[in-house]
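We call the chains A, B, C, D and E, going by the order they appear; numbering starts again at 1 in every chain.
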Amino acid sequence: MIATLMFYLLGAVALGATVMAIIQRNPVYAVIYLVKSIFSLALIFYLLGAPLIAALQVIIYAGAIMVLFLFVVMMLEVTPTNAATRTAPGWFHWGPVLLLALTLVVLTLMLIGLDPASAEGVPRWHASPRDFGYALFKEYALAVKIISFQLSFAAVGAFHVGTTERRRARQEDVS
Amino acid sequence: MTLESLHSLLPQILLALGSTAILLGGAWVPNRRLWLIVGMLVAVAAALVATFVEPAQIDILGLYTASAYARFCTVFWSLTVAATLLISCRYADLYRFGGGEYTSLMLFAAAGMSLLSAATSFVGLFLGLEVLTLALYVLIAFRHGDSRGAEAGMKYLVFGAVATAFLAFGIALIYAATGTFNLEAAAAGLQTEEGLRPLGLAGWALLLVAIGFKISLVPFHLWTPDVYQGAPAPVSGLLATAAKGAVLAAFLPLLMMTGEGIADIRSVLWLLAIVTMLVGSFAALPQTNIKRMLAYSSVVHMGYLLIALIVAGDAGSQALLFYLVVYTLATFGAFGIVTTFADENGELQDYEDLRGLASLYPRRSAMLSVFLLSLTGIPPLAGFFAKFGLFEAAFRGGYAELAVIGVFASIISVYYYLRPIIALYSPESAVICRDVAARGETLVLVGCSLLILALGVYPAPLLSLVELVIP
Amino acid sequence: MATDFPLLSLLLFTPLAGALLCLVAGTVNTSNVRWVALVTAGAVLILSLVLCLIQTPTAGWLLYEDYSWIEAFGIRYTLGLDGLSSILILLTAFLQVLAVLVSWQQKRAPAIFFALLLILETAAIGVLLALDMILFYLFWELLLIPMFFLIGVWGYQRRFYAAVKFFLFTLIGSLCLLLAVISLYLLHGDQTGTYTFALEALKQTELSATQELVFFLCFMAAFVVKVPLFPFHSWLPDAHAEGPAAGSVDLAGLLLKTGVYGMIRFAFPLFPDAARNAMPILALLALVGLFYAAWVAFQQIDIKRIVAYSSISHMGFVILGLAAWNQTAWEGSVLLMVNHAVTTAGLFAVVAMIQQRTGTRNLDQLGGLWKSHPNMSAFFLLFCMASLGLPGLANFAGEILILIGVFAVKPLWAIVAVAGVLFSAVYTLRLVQETLWGNNCEPHDKQDLVSREWIILIPLAVLVVLLGCYPQPVLDLLREPVSSLLMSGGLP
Amino acid sequence: MDILLTLILLLPLAGGVINACFGNRMPRPAPVFIASGAVIGSFLACLGSFTVAAGEGYRLVLFTWLKSGDFQADIGLLYDPLAAIMALMVTGVASLIHLYAAGYMEDDPDQVRFFALLNLFVFAMLTIVLADNLLLLFLGWEGVGFCSYGLIGFWYRKTENADAGRKAFIVTRTGDLFFTVALLWLFAIFGTVSIEGINAGVADLDLTTATVISLLLLFGACGKSAQVPLMSWLPDAMAGPTPVSALIHAATMVTAGVYLLCRLFPLVSLSPLALAVIALIGIATAFYAATCALAQNEIKRVLAYSTMSQVGYMFLAVGLGSVSAAMFHLLTHAFFKALLFMTAGCLINLAGHENDIRRMGGMRQRSPLVFWLFIAGLLCLAGAPLTSGFFSKDLILATAFAHGDPFHLGLYGLGVATAALTSLYCFRLAYLVFAGDFRGEELPHEPNSLMLWPLYPLAIIGLGAGLLNLPHLFAGGSWLSGWLDRSQDVLHLSLNTEYLLIAAAVAVFVLGWLVAGLRYRKYTEHQPSLVSRFLLSGWRVDNVFDVLLVQPFRNIGRFCSQGVEIGLIEGILNGAARGCTDLGSRLRGFADGKVSAYLQGLVWGFVLIIGWFLLRALI
Amino acid sequence: MIVPMEHLLILATLLFALGLGCVLVRRNLIMILIGVEIMINSVGLVLVGASAFWQQVDGQIMVLILMAITAAEVAIGLALVVYLHQQKKSIDVGIFDEMRG
């Protein structure tokens, strides 16, 4: 029952955070809101019997992808520069953030105290890391290989696209 | 993951490893020509392997298949990529492409395409498609400092990302509805009259949006002309041919099935085919840029191919594969001609720039005419038998209305295909001195046009080959 | 005559080989190309002449070839030659020699130009020989490409418009044909189990009345546009006016004929009942076209357009003959077709010469050419007179046979058509009047005919007179084929 | 004999073709020799074979021209008495005219073309005469039309001449339409176009058909013979050189219509109604043309109208059922009218190439010889007693009178009135040309001897041709009627009646002379009255035709080319094309380069698919 | 299952729609990419839910694959953003309309 309640709460948090992310003019805020949404989704994953995915969600999405976004946003300085947004944000801005953050923290703490195996209403089935790893490297080994290629080529592509003219010219001189 | 499965995936592995090797080699030896040629050889080798090495097992880990059909696709996409590499030699020199990167991305795309059309599961499909798309993101914007290329890359990226999201959501919904990623099982699961069926259908709708984007069906086609125009001509050629063909080929086995679920999908495809053929034809009419025109033309041809896809069965798939090959030859050739006309000032795209080129370059102009007329479907070029087979299949399958609309679209197509031809052959010449075509380019183009002519006169070999491989 | 030697294929592919040779020769020396073309065209002429001469007027195929081609679709390579096709092939070959000669001075890309002319010849011969529907369709469409380029590349100011119009019109018709052929093929296959495109087999297909009508209309769509019958003629004046001289000669001499040939060889025998029912409509259109084209021709000021409209008018006559559906009228129709081809070819040839000398085709700027170019003008007058149906010259023989045949069936049609003859006199005489007579033109080139032009015009003139005074050899050749075609269509 | 017969046709044809093809390459007099030689040769051949024609005649088939199904038309000759006498006349007159033309056209640079056409004309005319079937006859029929076209517009540098030629061609062709329809109909009925075959089979023909066919033939004949209502081309045709007027528009071609009707007389005579119409048209034309001739100012136009009028008499004769009368008048008329025209040519030369009789006068002083020749012709035309014209015209009028019923008596009355008018305009012409002093300014241009001496035989024959069919009253044996095997045409009237008729004829002749003498002996310049302007313009027939036919034709033509062709057909095509491109541009507008718009397209597509699924689920 | 599948799907669909809305409405290229991330997150939710529903591990593996692919895509995408920004000094997609028609 608690888990079910938590699901709806977390869903509401995720939706709220997402809405906030979307309506932000400043991408930095948007990214932060999105991280919040990702956290709540990770919790839902956990509730649905996917602890590993929940962890990876936090690590990869929040930890890698969103940071990358933040990095680019900062680098390009695309934050709006008009006076209205530069002034210190008031309660109107901070309120939702805090509220959502607070809810998340509470829910996380609750989850930590909850044993999924024994809690009422939580399914007995959940993917243990062993099952997961077994399937991943046995059945889906090929997919893993392909993904590895994919990631390396993404790196190459990003490198190629991001190379500046100056560096390219230097390369040309060499060839 | 066993040795057998690796053995069965030898062509793809060859492509992927070759691509990696060239990437690494390219960093050390910055010789552009060398790597392009090596890349081409790798692609050809993959094609040869796919042709002659019998796979140890047909089903590969439930993700891919090594059936005759899949191997045929592998051969064909590999050869297309090989031709693209060959035709890019001069072009890459002209715009100082990084030889290693370009080649490796091309080969990687080839691997993606071959995986895509060999997929038997949504996971495999998704992976193949993403491999292909990722390579294309970079390839489209490959020309540095070219604002159009960048814009094209951006448009493709945004669309591609959204389409990926749609695809993934669709796959997820179908999985939710059927509990399997296996293509056939998923489609079969749809047929049962369950509460989850609407879910599956919604998934298919999302999936179709993604496919519609990939093969640019109306109304998901809007990116096509912009991207083709901005991308380097050889890449546009690849985009218009193999990249689309691979997606279509991946869905052919699915459509071969019968049943209510598939019937629903068929009916959507029916609608999309009609809209695509008509809108594409009309939108192509006012174009004055050959790459944009070819883009719309590819839209229309995808509409034609949908007819074959809908008909499915033996007749439909035979027609589809034949059409695909012929269409690929002609469209690739046309983009190839555009490639050969590129110089330091950029590519020749506007009809105004094409004016009177025939007097300077009679052979290339003649070949472009052959390609465009084949696309129109005029005998004795291969395009005629392709369309003939298509319409015949449509009639056989009871889709006469599609055939009639197809005929209508090809009548309209006459106008936009003939315009560049007439521009080429107009007496007053645009006073631009273009480079002579490189040997590689000539080889590919002559090969394409000879094949088109030969298949136009005697299509029997290809027809029997296609008959052999259809799933 | 049963020989194993593929004589028909030889006939068919000689021009194609010549075309390739032209392209090859063109890379070496462009001035040799025309000789290659001439020799090829001449060889085809001789070959077709021999084919005409060796045959006795009997029923059935004189020569027949049949090979497997595309098994997957049941398409075969079937050729057959009878009197009807041999006459038209001879005509084609003859006109093609003239077309080469007419464009002797071609400066722009002569290699391609002559190659296209020869490809056109192959296509035309193919259309006249093919007995497999798809083979026929193949050649039928192949006619378009060379013609399109001849108009679109070597034409005058509005050539793109004209070429595309030509292409679109004919393509729309042909695609209807293709659709009908495919569905007929499937229908026949479903009925008998053998999927084939062979004409003789398809004739056996059982069709309901509606099916037959739809198929017939689709077939006719292709043929009627090519003929062209009013109101589907709009492409012809433009194509003629904007096309080069050789293009016009071929258009009038080859292309228009294929339409009528298609009707009598394919459309009528395949769907006899529908055809018979449609005859009054066909006749009505033919008659309207006959007058309408004459009226429009009367208002034109471009010589080529006048001749083009006169073609429409005459082809209306031909169609009227077909609509009568009897031996005399059909023989007359084919004869008129041949005669019209010769006459119109002559007219276009002279018009080209006039344009070359005066730099204009505008009637307002022409006049009094007899003074400066009496010989050329004499030929022009001769062809004009033949065109207006002066007895003793070519067109009359065909027209009178048609009239006789038609009168036997529907006297009213014949009477109305007779009036059309007067109309043709009106515009033709206006044409003659404003080019040859009067006094208001100063051509910049005073040279009367040069020897090449003599060579072009003399055979035409001789033929015009010969076909007018002694058309019997042609009629003899036509008798059996026409009567067997009529039989298969069911004589009334 | 076959060879001789063939030569009759072949010689002029060969002469024409040789001149047409090689004439310009030969030295100067050669074409003239060839042309004249050919015609004279043909004449001799006619003479030589004349006897063969007696009785049933002689048939000769050279080769089959057209054979298809049941239809067959040969190149075949039917040399019967009618044809023989006609051929003899044609070749004879043509020979003389060729000789005359040799002089007349001596200095013309385009001589060769002239003689080629003239020879071809003779060939075509002989084809009409000799053809054994209607189709071949039609060949000649159209052939003379073409040659006449070429010869009227011979001096093509003047547009009016060419226009006149065109008008002649088109108007006669209008008549030919009816002829063609008659031909088709006859074939449909009889299964043959052979003249003998048709004439042999007419007995079974029902009356209505016979009437309609006869009327069709009549209209065909009207066109060629310039009868009402297709007559307006003949006066304009005088634009051609004078020998042409003499040969084509006086002696031969215009009489072809009469000849045709005579040739098919068994058919025509079946229907009384048709005969009556023929007679009516004949007399109407005769009267109409005579009135017009009264007011003409150009010498050749006067003669042209007189020709029309005389041919009208011939039609009247056919309408009365008397072939021999028609042929008799045809022959005599051919001689004296040829004479008149050729002399007129001399006069024009003498007047310094002046056509207008108001600017002539006193020509007698310039050349008495020409004066006498011209008067000889005029006397024949006016029907002076004992001249050939007197006999032939009298025969026609007497035949009319002999019928006795009121209709025919009316015809007779009109005929006599016309004769009076004929006499009047003849002498008006004579007085205006010869009396008084020369009113023009130009110096005379002497005709050379070659132009003069063919006139003598013509004058003699013209005056004496009455002997051919001299009625028994004058101790003649009506040879022509006998030769044509038309004994029923010989009149057997009481002597009193005959004298009365002759007296009437003489009276009107004298009356005409007197009036003319009173009115025109002294030339006075005066404004033409309204009536004379009306007559001068030929009763304004040209205007009527212009309003009734030419303008509507042009207007329909304009409607077709501007309205239908450009407006409707092109309009529809262009509209469709524009519709397509507009649609294309609109669709193109969706691709406005903005990614967000593209994405919206994607979403709409998604909505479409979902909607489609829902639709299918609901239905 | 802790909740009915339907509720889970509704949540996912709402998230997906929000992401799509973001993609459609925002003109900032980065925001568009963020929108795509939202959409992909919702996909993860469905997959995990379905995985639980069918009691299979495949769905979760698919989520992992999805993450990796997304990471790759984002890497390229952001590189392209940087590249575009270098060229036009802006990442507003509205100004990239050089090619149209």
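By definition in this document, a residue touches a chain if its C-beta (ideal position, glycine included) is under 8 Å from a C-beta of that chain, and two chains touch if they have at least 3 such contacts.
The structure presented is a predicted model; accordingly, all values stated were derived computationally and were not measured.
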Q) Can you list every chain in contact with both subunit C and subunit D? A) B
Q | Contact-richer chain pair [D-E vs A-B] | A | A-B
Q | Centroid comparison with subunit D (C-alpha atoms), farthest chain | A | A
Q. Using mean CA coordinates as chain centres, what's the subunit B-subunit D distance in Å?
A. 77
Q. From the C-alpha centre of subunit A to that of subunit E, how far is it in Å?
A. 11
(Q) Rounded to a whole Å, what is the gap between the Cα centroids of subunit B and subunit E? (A) 26
**Q.** Residue numbers of subunit A (touch at least two other chains)
**A.** 139-140, 143, 147, 150, 153-154, 157, 161
Q: Specify, in ascending order, the residues of subunit B that touch 2 or more different other chains.
A: 123, 127, 130, 134, 137-138, 141, 145, 153-155, 158, 162, 166, 225-226, 286-287, 415
**Q.** Numbers and ranges of subunit E residues touching at least 2 other chains
**A.** 19-20, 23, 32-33, 49, 58, 61, 65, 69, 72-73, 76, 80, 83, 93, 96, 98-101
Q) Which of the chains touch, listed as pairs? A) A-B, A-E, B-C, B-D, B-E, C-D, D-E
Q | Of all residues in subunit D, those that touch subunit E in their complex | A | 588, 591-596, 599-600, 603
(Q) With touch defined as at the start, can you tell me which subunit C residues reach subunit B in the complex? (A) 69-73, 108-109, 112, 134, 137-138, 141-142, 144-145, 148-149, 152-153, 159-160, 163-164, 167-168, 171-172, 175-176, 178-179, 182-183, 185-186
**Q.** subunit B-facing residues of subunit E, complex
**A.** 5, 9, 12, 16, 19-20, 23, 29, 32-33, 36, 39-40, 42-43, 46-47, 49-50, 53-54, 56, 58-59, 61-62, 65-66, 69, 72-73, 76-77, 80, 83-84, 87-88, 93, 96, 98-101
Q.
Quick check on the complex: what are the subunit B residues that touch subunit A?
A. 1, 5, 9, 16, 19-20, 23, 30-32, 60-64, 96, 98, 101, 104-105, 108, 111, 115, 123-124, 127, 130-131, 134-135, 137-138, 141-142, 144-145, 153
Q) In the complex formed with subunit C, which residues of subunit D make contact? A) 20, 24, 63-71, 75, 113, 135, 138-139, 141-143, 146, 149, 153, 156-159, 161-163, 166, 169-170, 173-174, 176-177, 180-181, 184-185, 187-188, 553-554, 556-562, 564-565, 569-570, 573
